[in-house]
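Next, two complexes with subunit A in common: one pairs it with subunit B, the other with subunit C.
Presenting the complex of A and B:
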């Protein structure tokens, strides 16, 4: 058995691959639900009801998807250029720190200025958090996987210090949390009395902007060229370093936006549990979306559905919530396999 | 004579490509058989099947009348087949002796045999004229010496059939002579040799019998003493070969000038040493030399990718020392890199995207604000492909589906859009079929007519003699004095390539 590269991929193949990998995941999940002692049909029904069954559950799914769209885009933009930014988690917290710094009373504008201002600050500081690491990579060949990953821990410890110390809200009854964002900086709700806020709309718009940049502009073109073959890009007069710096600014900045959106949209103040690993899940979102910005919207929605739905399912039919993680993980595996099969065909002949 | 190797009806395909079609031939004991054919004719695939690297789709291989286990290099080695690949497979940080022992002895063998091994190695080296110091580190050896290790390695494991894949590709003429002497000694000792090559002259000199491959099939077999050169040449290509004529040229102004350029590597050793070079419009300056003598760095220096430690570079009279590749491009430098797949094109991008790769400053392609104009890009891509005879199905297909020749034509065509003043061409015809080579040569000559200065860096002496107005030899980072093409003496050139007079 061996793999052979396909010369041309038929247009219908990716769709078949997506459908069959979803089917494979569903079958796998069904087996696990049976092992957990419940009926898979009832389980899936509860899962989809939990994610789409009411206005509230739809809003909840959207709210969960919001940070994942941001971090998924951050990863997708960087990975396109083969820049392995594993640090979206840290850049998210930097964005949240910027929001807290500027948004808790230091400056006050009317909401229509204050909200864009907070997003801009989140972007700038998120980008600044990644900038030195890309310079280290380009000029001193320091591996960015190591630096971006380790920087996550440094940043989270910094957040922890600030929340336990100088930035601790005196009215928080001893909890390590920062002062609340001023009213003019809080993101309005899209559906009233739910947790779905403006951040979702911004995330989707950013994805569309990124899609435009990647397909229609010089920067997007250079990014792809540098990602596929930096040496050929360099020999054609494209500056690899400049492109990489641009990529890092975009990637770090978008991850920073996730922090703004979560702090000013969902919670209203910064805590240490602001992100339950959105930065890392964003990598999975990006992979699942095939590094395509519009794909990222769908894959973030999909993962949100699984998380929100599996939560509801576990309460309704008493299976462990961990099933959500297993389903997400197995989806990623099946999708990655299907991506390989889109590019290659299997030949069942000859020796193994 | 008794047949040592029988190859019967071997077929092998990769996807749609039939690399080998029903190939049948045999090799007798003590015979030198040449497999002749141009690049892509299926020579290397065939040898890899014999050696067990590839599994044939069909056919059998018999060695000493026993069928060889297919797809198993170990079976081939233990039967007595040795292969020296075009690209050596040596560990640079080990000694000659250690490299010989790797793979020829069990990994867990106690060290006791070292003494004996040195004796055997020295004996073989003397016997076959392959002198080497067993304790020398491989990284300090020349290409020719490295090849000797590869050959010694096969002799060490008592090989009866030696397969040499393009053995003369990067040797100086003198090294070739030494190699041939060794091969003759092996044959008198009862070893058979298969030599794969596309160089007619050498094949005619060394072989007993010639098998010609074209597009994966055997198209002819002749005894060397009855062979006719032009007839063989046509057999290889399938049609008459037309070599372009250089014609007269009008010498223009100096377009590129290097003054005493020195480049050092990271650990301080000298890669280029006080290189001075000048090319005027309408001139082709050929740089001869064995690979690894600084060719790539020289080309990268002239195109701005490497900044020299000392010296100055002028393009069109403008000092561009220390400037970026973009500045060199803006001044009209076009650089056709040696490795067209790694440095030249992006296989995963489409043909049209590869065409606009070097057009990022072109406002017709990327308009103000950097917005891509798709229609103009597609039109440009069609034009480049048509003007340069690039054969393609659709400009949307990924470049990696193009053959080497078409990729090279695309790459050169892309640079010609910019109407270059200076073309730096590194091994521009390496690995191409005759048709593509002749297109590339014609393109370079027509650029010469347009008063472009061309620096042609090549290992192929025939190519250099055909195209260049003047030739210089690069050895160990130093350039020889300029020799006018009409005054070139091949022997002298060979001695220079081996380092004499530097």
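Presenting the complex of A and C:
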């Protein structure tokens, strides 16, 4: 078996690839539902009802998509330059810490200043969390995959310390949670009396801004050049280190925004279970969106449907909730296959 | 307090704990080392350790004996290695994304199966894990006896893996082929050997070792399966491979040093817990790994073909 690069890709092929990889994932999920002793048809019906069945469930899907758009963008921006930031989970929590530090009474502004101020702080601190690691990579050749992964553990322990110690809300009845965000910093709801908040609109706007930056600016061009071939980029006068630092600031910062949006928009205060792995799921979102900012919006919506729907389904037909994670993980793998098959054709000839 | 901590170094129980903590890291590091020597970074390690911990435990829980548990864990690990190879070796997909995908896939399917097996258990059920074997005569040696020769069979097995992996990599044709596949795959192809096949074999052997590292947790260190019990050990093993410069005996040194530090932080927590929050002690192993990587980075010579997919007929 060998792979041969396609000279041209037929226009229908990416669509077929995306549809067949989603189909493969659904078939696999059906097998798992049968293993659990439930009916897949009833399961998928409950899944779609859970994600789209009412105004509330649609709002819930949007609310779940919000952090995924942020973390998906964080991964997409970095991966496009072949900078492997697997630390969005930690950077999200750093953004949440910044929100809690500035947003629980330290400073008070009117909402139209306070909300942008909190997002700015989340961005800055998220970026600062990634900055030393990109410098280590560029100047000392320290592999960023492992450092970003290990920092996730360090940061989550820091959050745990602050929530059990100095930042613990004395009115929380013993729960490890921080004081609530002041009213002027809380993100307003988009659909009243649901959990869909302003963070969703901000996430979509950021995606559009990133798309503009990537397609229309010199920085976007350098990013692609560095990701495609660093040594060629260097020879054509692009500073690889400067571009990488820019990419890291953008990627860490956007992941920090996810923390702001979850703390000030969804929960209103910081807890240790703020993110059930949004940073890692962001990698799946970025892959499924083909590392394209607008694609990330749609893939985050798709994965949010799976999460919200699978949650409702697992309660209705009594299968373990981990099914949603299995579906997301197998999506990464099936999409990966289809991305290869879009670029190459498999030739079964000669020795295997 | 400083004196009390120094005394630890002369405490046989402390070194016995170090040996136990080192085992899962050691097997995982050796496994990753074999994969990377063949030119494939295996980021599936964290998930493969999780699934290894689960299937090893489950086999014994469902009535199998301990050695069957080890065998099943190794086979399941090897099949996830094969899955990794289908993506990263045969299809030439990104090794980073494949690995993260395998980690998420293996751990989520592990947790899903665990919940199907035990729908609503609040306290995880226990198995009869490997018991301590006192090696006759040797275990009576003062100090060294307690530190080195009063461990479980699985512990001795883990340490035996070091010379075995050394022998495999340096004294057998397969080991040589694995190293060439990671340094200069074109040369291997020129010898008429199949680079993709050699890399697949390396991934399967390596992943089997990773799964054994996970199984050690549920079958020797503890006797039950807990959610999130691998807790970043896989990522630490990846840092240790770099620290070890891809040499099995240096991997042993790294795992022991790291484990001694971890055992030390547990004792330090007991002594200084009143002054410093426990979270800072728990952070130390991760910070130490990052620091070790920074120091190792200068002298690091990565296998030259690491991360580069091999496509027949394409020149690199």
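Observations
Just so we're on the same page, the second predicted complex is superposed on the first by the 352 of 352 C-alpha atoms of A that agree within 3 Å, B and C clash if a C-alpha of one lies under 4 Å from a C-alpha of the other, contacts with A are read in each partner's own complex, and residues count from 1 in each chain.
Following the convention adopted for this analysis, a residue touches a chain if its C-beta (ideal position, glycine included) is under 8 Å from a C-beta of that chain, and two chains touch if they have at least 3 such contacts.
Because the structure is a prediction, the values reported are computed rather than measured.
Greater residue coverage of subunit A by touch, when subunit B is weighed against subunit C, goes to C. By the touch criterion stated above, A:222 is placed in contact with subunit B alone, subunit C being left untouched. Contact with subunit C, but none with subunit B, is seen for A:142 once the two complexes are overlaid on the shared chain.
In the superposition on chain A, A:231 contacts subunit B only, with no contact to subunit C.
Of the two partner chains placed by superposition, A:208 touches none, neither subunit B nor subunit C. Within the superposed three-chain model, A:157 lies in touch with subunit C and out of touch with subunit B [touch as defined at top]. When the shared chain is aligned, no partner comes close enough to touch A:113: not subunit B, not subunit C.
Shared interface residues of subunit A (contacting subunit B in one complex, subunit C in the other): 351.
Within the complex formed with subunit A, the residues of subunit C that make contact are 41, 43, 87, 90-94, 96-98, 100-102, 104-105, 107-109, 111-112, 115-116, 119, 194, 231-232, 235-236, 238-239, 242, 277, 279-280, 282-283, 286-287, 289-290, 293-294, 297-298, 300, 311-313.
Across the complex, subunit C is touched by residues 1-3, 32, 35-36, 79, 84, 86, 136, 140-143, 145-147, 149-151, 153-154, 157-158, 160-161, 164-165, 280, 283-284, 287, 319-320, 322-323, 325-326, 328-330, 332-333, 336-337, 339-340, 344, 351 of subunit A.
Contact residues on subunit B toward subunit A in their complex (touch as defined above): 15-16, 55, 71, 303, 305, 324-326, 329, 335, 337, 342-349, 353, 356-358, 360-361, 366, 369-372, 397, 401.
By the touch criterion stated above, subunit A contacts subunit B in their complex at residues 4-5, 7-8, 215-219, 221-222, 224-225, 228-229, 231-239, 350-351.
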